[in-house]
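Let me give you the structure first, and then I'll get to my questions.
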Amino acid sequence: MQRIGVFICWCGSNIAATVDVQKVAEVMKSEPGVVYSADYQYMCSENGQQLIKQAIKEHNLTGIVVGSCSPRMHEATFRKTAEAAGLNPYMVEIANIREHCSWIHKDMDEATEKAIILVRTAIAKVKLNAPLMAGESPVVKRALVIGGGIAGIQAALDIADAGFEVDIVEKNATIGGRMAQLDKTFPTLDCSACILTPKMVDCAQHEKIDILSYSEVEEVKGFVGNFSVKIRRKARYVDETKCTGCKICMEKCPSKKGLNSFNMDLNTRPAIHIPFAQAIPNVAVIDPEQCIKLKTGKCGICQKFCGAGAIDYEQKDTFIEREYGAIVVATGYKPINLDAFNEYGYNDNKDVITSLELERLMNAAGPTNGVLLRPSDGEHPKVITFIQCVGSRDSSGCGKPYCSKICCMYTAKHAMLIREKYPDTEVHVFYIDVRTPGKNYDEFYRRAVEQYGVDYIKGMVGKVYNENGKLMVQGSNLIDNEQITIESDLVVLAAAIEPEPSVRKVATLLTASIDTNNFLTESHAKLRPVESPTAGVYLAGVCQGPKDIPETVSQASACAAKVIGLLAKDKLKTNPCVAIPDESMCNGCSQCANVCAYGAITYENKEFRLGGGKTEIRRVACVNPAVCQGCGACTVTCPSGAMDLKGFSSKQIMSEVEAICKK
Amino acid sequence: MKDVEMKMKERAKQLLESGEVARVVGWKKGDFCYDPSPATFETVEELDNFVYDYFCGANLSKYLIQISKKEGKTAVFLKPCDTYSFNQLVKEHRINRENVYVIAVECMAKFDIEKIKEKGVSQITGVEVKDKDVKVSSLYGETTLYKPEILLTKCETCQKTHQVKDEEIILHERPERDVDRFAEVKKLEAMTEDERFAFWKEQLSKCIRCNACRNVCPACSCVKCVFDNPASGVAAKANDSEFEEKLFHVIRAFHVAGRCTDCGECSRVCPQHIPLHLLNRKFIKDIDGLYGEFQAGEEAEGKTPLTSYTEGDAEPNDVLNGEAK
Amino acid sequence: MTKEERIENLNRLSGTDVRKCMKCGKCSGRCPAFKEMDIKPHQFVTMLGKGKIDELLESKAIWNCLSCMACVERCPRGVAPAAVIEAVRDTVVRMQGNNGIKAEDIPPIVDELIPQQLLVSAYRKYNK
Amino acid sequence: MQEVTTEKKEFTPNIVAFCCNWCSYAGADLAGSSRLTYPANVKIIRVPCSCRVNPMFVLKAFQQGADGVILCGCHPGDCHYVTGNYYTRRRMALLFSFLNYMGIEKERTRVEWVSAAEGARFSAVMNDFVKTVTELGENKRLTDLRVKEGE
């Protein structure tokens, strides 16, 4: 039999001025199950809490109801009070007689009557409460970072510096990501490699960081604090432990015609190669599609010349399984495919290039050694036209509806760099809007216009066509309300960016939600911007939304802070108000798993006794209490009512409904 | 119809004799010509009682929940409408698909004995069908009835086709039909609230809570029904307020929403002739209209309309005020 | 017709939501008849948005538009400038009070190669 | 005739409001701390998410004598549990449409999205709902659909 104590708070005059608190306390004395009822000026005060503790002990209370302010205010306080007196903290219910009663009603009789009903409702509920124990799950003190671009590198370094082990899984042969391909970075124009490569080296040298390059995540099991991840280490045909990065193999390899993807396919590379000079790890990889030995069985020249004996044509994909407490997703982006935009002639003219290709053409380590030469004939372009918003802000279905965010700034950067290096070059930029919200960003853009004389044209390009070897760029000049055609030597398209496609697979593995544009969804757009709704999964960089390097780095560090906060704990306290299936009633119909946003529900075949010595094997739902967030979506979906929610059980809510409606 | 029955019997015999299946689920003769009942046949001898005729309206899918757990394969004869329930149950992991061999059988609509009786014909001994004429013989002689008037309610608007089959026994082509299964629902929708309430009050007042609708429904196949679950707060035994009694049909209809294949068994078995299918069809019609056409049981996997969503779904208030979409 | 009705009518006829326009000018950048037009394709959209009906109805450009639909094809926002021009053109034609084409005029000029759909739309367009 | 009108005037409906913990319950708290009044016959039940509200709770409320039931949750897209209220939206759209099909006055049921910042809106919504239900009068239909007594 439940022994309930009721405590009515005056909250000074906040409640007492409109609710006759003494009357409420008095009425409750005769409620069935209530063995103690009192009122006090401030229940949340030291003395008020003392009163509660004493009553719990003296009257052997099994549950208490506090009629006070909103549970959002002091539920936690009173739970602690109860716990201190030896009562399970979940045997506490709050009747909100301040925000929902005294503050909004003026008539004392009316407000008192309502307060009585609200307290009764809380009593009805607390009678059905059951002691709940916050579960505990251990935390594996190691983090996984998926993606080795600047986001992943920064997150890994920050986590490792706090003393936790970190693995970086990178699908390419080297870490560095998109930033490694860039020439200069806005708004300060530092050389990208000069600021990135030291960080890459730090990663390689950090004793807490393990770089798993040329690897992909294959399978993820478990939950926050306890992920178990299977990682595929793709065969690179070179023994990572032996290769010294001497590059002799690259020199000797007879198959040199492979497109160099690091240089955006603008030049070629050998079948065995190190992606770029500062690659980490500085280890070669063989492209099996291109290698003569792997394709025909004949050749083997690299093996002959490798002094370290690192070449291994027999290598196969291998798998490793590791445990992690937290996972950071930093899978990055790629420029969109421009096939749908034939008006810009990208596929038909070699001299129509994307901005990322221009980065490589201007980079000292690029295909032209940093001299800006146009791809078609290797001449210096004299007139260069930039087109912004190619595929961004496009709701027609060809492109992306969002703003890619980085293009305005990098276009200004390109225009400026070209005008500085080649002052005789004419540079035009077609823009719809120039968006430069960021520290020193607008100043940067204005410098391109004012100091470097870049010609910004408000308007969009309608078509680019080739006439006698010249690229004719026809577009609007909206300010002058005219249509202009610019005879150009090089056209640069600011192609929209989109999440790296592999993010879809990663999201599925992690049960992390993804939006219609394939960006990973954050837990709360404003207040939890680096957390995925899936507990223990964090988001850094463009996989969550377009952003530039400074923003990416900040987000990565924010992720690291969250991860460190998680890994610093030895055990995770789990919310005990989670879903719980009654196996004897579960049909195993999968409807609950279909609505679970967290992937907390799995199924297993269990044996049940039928009586008479017979047994039956049935598929039943299992809820992982560490993953369940307690929303209750599953409880309503369950046709048999086998699924219930602790702390908000069907019976509890029904009893509240009854208490309110009973006239 | 006799030829179809022959073929089915023959095939059942083959399957049992060859040991390909351990049992066959079909219909067996009843005491009268109009009350065949679902049955399991495990030996060739038992097949003597096998029957398939115009009174085999029962949906066999639900029986497979238990039977498909047994050892050995089970062959089952499924009419078009039954296959939807079958798929839905496979989707909900209730039927072990690997253990079942589905033989799709033709259906030329089934008869409602009650409707025949209403025509004043009793003590029926047999029926013979020629086009739309049904010659009914009884102890008192012969009467010819018009076929569309004596069909089971579920057959009146049926346009279903087999959704699953391992083989088929289809000897006759079914005539194409163009009927609106929502016609009755629309009629009710067009009424005023008062009229609708009067209609349902009259209908539901007839309910004797015999649970036949629940027991026959392939979607109502819970290991333990919510009405028998004391934790649900609706079970009558745990509650003195008779909540369950009073709102049984609302809860039942909601529970099968998005899963009901419109097989019509609920109305067929109701001893009080409550048009229960009109409750389910309202949900089906709303789902089709608000979230796109959906036929439960068309697929054996995937989500139902109530376990999926789109960001632009209609607002409940707009739906109520007829402003959705 | 009041001005409001006329605006509404033009919006309806064109079937395009002018508020979707983000004023990028790609339509005018692509238009092959741009130089001949007194009011440019993008202006049709913005002027309709601003309710400058009288100017639009006075426009000569409606007779220069080739209806090549390049602007519709290229618009990144799914706006259809050509449809707005067409709507203005239709309105002008209808205001002239004459049927541009009669049913009995059609058979003699029918060429086997003319798509049926073109005939129907021409008839609809030039008939009051 | 006289009697009926006086009876209507005195009628104060019993309203049950289910509010999700993260948005609407907080919105109601804000209405309170902003002293934005609404009638005392609105009683709030706190649920973690609007998707916890089982149609059976709604029916139970009516059957026990509630005259109106309103569900409040986070705005679609803002759900604390990411997708919870999307399911609520479908469930309640279908349930309420169904109840109306059975002849229950459509004004008795409502779903409103109220964020934690919308205290004023919470109060306005409740005032409006109470007014609507008051005009409608007592719920007699949904207390008992099966037995011939009642109305």
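A few comments on the model shown:
As written, the chains take the letters A, B, C and D, and residue 1 is the first residue of each chain.
The rule we apply is simple: a contact is a pair of C-beta atoms (placed from the backbone, for glycine too) under 8 Å apart; a residue touches a chain by one contact, two chains touch by 3 or more.
This structure is a prediction, so every number in the text was calculated from the model and none was measured.
Among the remaining chains, those touching chain A and also chain B are D. Of all chains present, the one whose mean CA position sits nearest the global mean of protein CA atoms is A.
Across B-D and A-C, the chain pair carrying more C-beta contacts is B-D. Each chain's centre was taken as the mean of its CA atoms, and the one lying most distant from chain C is B.
In this assembly, the C-alpha centroid of chain A lies 36 Å from the C-alpha centroid of chain D. For the pair chain A and chain C, the distance between C-alpha centroids works out to 47 Å.
The distance from the centre of chain B to the centre of chain C, each centre being the mean of the chain's C-alpha atoms, comes to 56 Å.
In chain D, the residues touching two or more other chains are 55-56, 60, 64, 83, 87, 91.
Of all residues in chain C, none touches 2 or more other chains.
Counting only residues that touch two or more partner chains, chain A has 595, 637, 650, 653-654, 658. By the definition given earlier, chain contacts exist for A-B, A-C, A-D, B-D. By the touch criterion stated above, chain A contacts chain C in their complex at residues 343, 389, 393-399, 432, 458-463, 474-478, 481, 483. Residues 55-56, 59-60, 63-64, 76-77, 83, 86-87, 89-106, 109-112, 141-148, 150-151 of chain D are the ones that touch chain B when the two sit in their complex. Taken in their complex, chain B has these residues touching chain D: 185, 188-189, 193-201, 204-205, 207, 232-234, 241, 243, 245-251, 253-254, 257, 279, 282-283, 286-287, 290-291, 305-307, 309-311, 313-317, 319-321, 324.
If you check the complex, the residues on chain A that touch chain D are 70-73, 96, 98-101, 103-107, 110-111, 113-114, 117-118, 121, 513, 521, 523-524, 533, 577, 595, 597, 629-633, 635-637, 645, 648, 650, 653-654, 656-658, 660-663. Remark: chain D residues 14, 16, 21, 25-26, 28-29, 31-33, 35-38, 40-41, 43-49, 51-57, 60-61, 64-66, 80-84, 87, 91, 123 touch chain A in the complex.
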